[in-house]
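Once you scroll down, you'll see the structures, which are given as structure tokens.
You will see subunit A twice below: alongside subunit B first, and alongside subunit C after that.
Up next, the complex of A and B:
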């Protein structure tokens, strides 16, 4: 981490970029947040560890409105979102200096807490660049140990890959974390009857409190004004007036990001109610792959999304 | 607040027999905005329209809902009626209670309920309608004809004779098409070339016609009256301006192994070639895959012998851009590939041929100089079997479901010509039905049977087996006698199905013209607008629209020309005001709409906007309303709802859905 911090400092001092977009440490050891660092002094609070799950790509939209260039730290999976934003003309390449940061998987604090570990004061061993696979957790009730690999976010267990799709330089190495099939759960849900499916999603979505965290964190949800906030449409509301609306919000959101979602998993990571929102998006990804051949949104800036392009080989409706 | 009048049409008994029209009218009176509702026997009639005008005046109406047939039938009628009565024509909505209701339901109660719901949706939409003003666009007074067969030639001649410029784009080195490959034509047996070549020459000589042979349409943009087309002129390696057409180059060319396309691969041609003697233009092309000079750099014989100095090995493909007011598709047909029909041994024996190949064999300029010979050993055949419907009228996916229409007649022609010239040859024809519904067609067929003794067998052929002695055993069934038949033949002729030229799929995409499941171009209306494509400004001529013979093709070519002339005679066209526009405060500039726009109507501009006090430069989608056809693809793709369509706004459509679900 120190190497990364030093390099950012150097780039800012050499005036390659005017600010940096990274993570700063939070109140506890496990609540790092996305942050702009406008001067080298502010870099004291910079961190990069397993708790830096936040995908910074979307912040680049704001960074592009600022003077000069911004250093942005991107984990391999974050680069897909960055590319997708580039493709949609929401950010400008020349406004960013991309440091591709190595990643050995990001951590899920709720998974740690699920082991009965409460009153956490500090967590050691979350460093991204160490090969140690042990988390040492200090709590007010005593010390605990947990394997790093056992505390990974679900998305890291079915990681898309350790390659950065776009970068100016790479710091640190990435480790393989794949231990599950990305579409396993989707296949299970597909086996359900329509009534069971409806029940499953109704149950999950009934937890929604419409805090909009999923939408606000989602790099694909980057509309200047969301249809759910715009008074131009009848869909604008803060809270749901009935159980239909909470479902409508998530279903419409899934349709809006279909073909553009990179499966970064931020929606599920930030959901305070632990709704597995990524399942909607993954179902779309699976269907797109099946109908149009493998497609990974954001793997490059040139390839057209099958949903907004046409070719003679396209699947014919009704002939699936 | 709108003041809406609802008019429910009986359409004689078409609607009134299944829908309680009085109840529909009554139900509408309680809808928001409706101040008047009535029913009438024929709303589209003079008196029906008068009723509308009176109601507008008496009740001071601002919007109209007509519950009647499909808007494709009478939307224009009612819009005109509204305009006459002093209402903006776009304040009219049609609730289709005929095609989408009365015609498809039997239960009066249910049909009436549905009619009420459909009318309610239309009322909900009119409540949100706003007046729209149609614009004007100029007409480029030149037509493009794609395809230089008899269909394209006739269309071009007719348009040019009316005084308009026409360009013909033909893929092959000469115009003439399939008709130039035919020997004789039914039912008069006149020589195909004798009646076609004068027309080809007329085309070349016509001051209003420009022919681009060996050329293809590369790109089409624009809209009715204002198309811009890129045409790729493939490198000919021969300077058309210098070439005298003496033919010496073809004679001297040492590369003579290429299969002649014109003779269906039954003879060879040189690397530098004109497809046939009467080719227009009479300028050869060099086949770059066959030319020794172009492949290896050596040879160059044609250049040496050319007295006119016309050979130019450095020629490159050239793209030219031309503007047109109308486009006629006349891309014609091909014979289907017979790979799926190996039971007829087409790939196994040279003596199993298609009818088009027989056409070349019978022709004096063909591979056998017009002598009827077997392609395997050059011997004269004694027994010939014709097999009808090879790949036509297929119930399975193996072939085409449609009837190719021309095969019954050309087979009768072939059988008759053979029996006439070679009376000792036995001719049998296996058929499913003999279809002869044309002028003098049945008389022609009966002559083949009665005067020429052609043996017609009702039944299909199951298998053709090549025998070691070179003969072919045809295993078939005679349905009338109810028995299996086995005929030993020297030659088998397959009436292979015809299908639209393969290029039509891509062309249809370029033109945004629709095609059916068999790749035939679709008409704007199968009965009432048979030579127009649903895409404005695109017209259809010949087999690209459906199987047809020469007389039919020529009539259709003339009809397409008449439509084109009608369009080009106008100085300006009324444009559709139902176009898309983007809300600059909502637009993300993400390009999703431009990606899905089939008309290339959307571009982007960096524009300074004032978003509630925040001034910034944003990438904003701009719609070229001249290009926009109002399809609405952009509005459903736009995630932020910035794109909206005049006359079909997101709000209007949601209001309709809400009214239906209420």
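Up next, the complex of A and C:
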């Protein structure tokens, strides 16, 4: 991490960029937050470890409104979102200096706490650039150890790959984290009867409190004003006025980001009610792959998206 | 003081729920929240914090206020019935109970909110001591004791037993109704448990949070601080903090059109949202910095200004646990302390 910090400092001192977008340490070692570093002095609090799950791509929209260039730290999967935002003209390439940061998977604090680990005061071993696979967790109730690889977010267990799709330079090594098939759970749900599927999603979506964290964290949800924030429709943005709306909101959102969602998993990571929202998006990704051939949103800035381009070979409704 | 073996709690729940609705922490679809008891419910009294606070048992996320029906050129108005059935809330933590007392200041002062009052009047609240407080808890900073609940009934889980004693008339009534299931216990049994909890509290990192720089009359000092400009930046402008918070009480009133019928309902609002307090002339807070500042100034300055110095936060720490950007009231308080 020190190497990364030093390099950012150097780039700022050499005036390559005017600020940096990275992560800042929190209170307990697991609550790092996204942060703009406007001066090299502020970099004292800079951190990059397994708890830096936040995808910074979307913050680039704000960074583009500022004077000069911004250094942005992107993990491999974050670069897909960055490309997608470029493609949608929401950010400008020349406003960013991209440091592709190595990644050995991001950590899920709820998974750690689900092991009965509470009262955490410090966590050692979360460093991204160390080859150690051991988290040493200090708590008020005693110390615990847990394998780093056992505490990964679901998205990291079925990682798309550790290659940065866009960067100016790369710092740090990445390590493979794949231990599950990305579409396994989707296939399981596809096997359910329609009644069982409905039950499954009703149970999950009935937990929704309409806090909109999924939407606001989502790099694909980058409309200047969301339709659900408009007061010109009957749809309410902050409460489910009926049980239909509670499902509708997430389904509409999934349709809206279909073909643009890079499966970064931020929606599920931020949900305060643990709703596995990524399942909707992944189903669409699977279907798009099946209907139009393998496609990975954000793998580059040039390729047309199957859903926004037309060819005579396109699948026809009812003729699959 | 009475006690009951933990394996007989199910009997207690069945008995209470026969006479009145019983709400307690229930696990459903991988999330734990207060819900209504039935025999299939997966009760999770062992869990420190429910995902959402139990405030929606008194102030639901959305509720109908009245409905209008149009028929044959005439409009009739149907008032919404108040919730007049008695119910029991079991296993509320003392921070959440303290939060209800804050909501009382808002909803029970004139003009009294009749919907809220009906629920408050009809609820019997069993507060359960926190056996294992977490690092995100800071109730003590507000003078709240998580070892001794202040509800109608105070309860503890110690070893194999569940202990309780009544604090109010409603509490006495609940204990009398269920007396046949309990055996007598010694007060001293819970004293050591309380001492143990207080020892743990003393070690938790946020419990000693200092609020001396906040409270009444701090508006001029805090409002224009350049720190807000820095602090708000990672904020995603979602409403997670406000919706999981036990003291956030802002709501919006809307109409829902359903054919010939119009339902007027109210729902929780969030100062994080762009249309919060939208008025005919537009919105008086146009940037996310202003909205972010509003939330913390309300909890730490404006509310104390209007309520004899009482803060509108009880240190439950849900915002600390749940904020997708890992921002929270503690970071705000500490950032200002550092500056001072």
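Just a few scattered comments:
To be clear about the criterion, the second predicted complex is superposed on the first by the 318 of 320 C-alpha atoms of A that agree within 3 Å, B and C clash if a C-alpha of one lies under 4 Å from a C-alpha of the other, contacts with A are read in each partner's own complex, and residues count from 1 in each chain.
Note that a residue touches a chain if its C-beta (ideal position, glycine included) is under 8 Å from a C-beta of that chain, and two chains touch if they have at least 3 such contacts.
Computed from a prediction, not measured in an experiment: that's the story for all the values here.
Look at A:2: by the touch rule set out above, it reaches neither subunit B nor subunit C.
Contacts of A:179 after superposition: neither subunit B nor subunit C is touched. When the shared chain is aligned, no partner comes close enough to touch A:39: not subunit B, not subunit C.
Subunit A has more of its residues touched by C than by the other of subunit B and subunit C.
Once chain A of one complex is fitted onto chain A of the other, the partner contacts of A:229 are limited to subunit C, with no touch recorded for subunit B. Of the two partner chains placed by superposition, only subunit C is touched by A:274; subunit B is not. In the superposition on chain A, contact of A:90 is made with subunit B only, not with subunit C. Of the two partner chains placed by the overlay, neither subunit B nor subunit C lies in contact with A:130.
Touching of subunit A by both subunit B and subunit C, each in its own complex, is seen for residues 225, 234. By the touch rule above, subunit C contacts subunit A in their complex via residues 28-31, 33, 48, 51-52, 61-62, 132-136, 200, 203-206, 233-234, 236-240, 242-244, 252, 254, 256-257, 265, 267-270, 273-275, 278, 320, 322, 324-327, 330-331. The touching residues of subunit A, counted against subunit B in their complex, run 65, 87-90, 222-227, 230, 232-234, 256-257, 304-305, 308-310, 312. Chain contact summary for the complex, subunit A toward subunit C: residues 26-28, 31-36, 54, 59, 62, 118-121, 139-141, 203-204, 206-207, 209-213, 215-217, 225, 229, 231, 234, 236-242, 269-270, 272-275. Those residues of subunit B that touch subunit A in the shared complex are 505-506, 509, 583, 585-592, 595-596, 604, 611, 616, 618-619, 637, 639-641, 650-651, 654.
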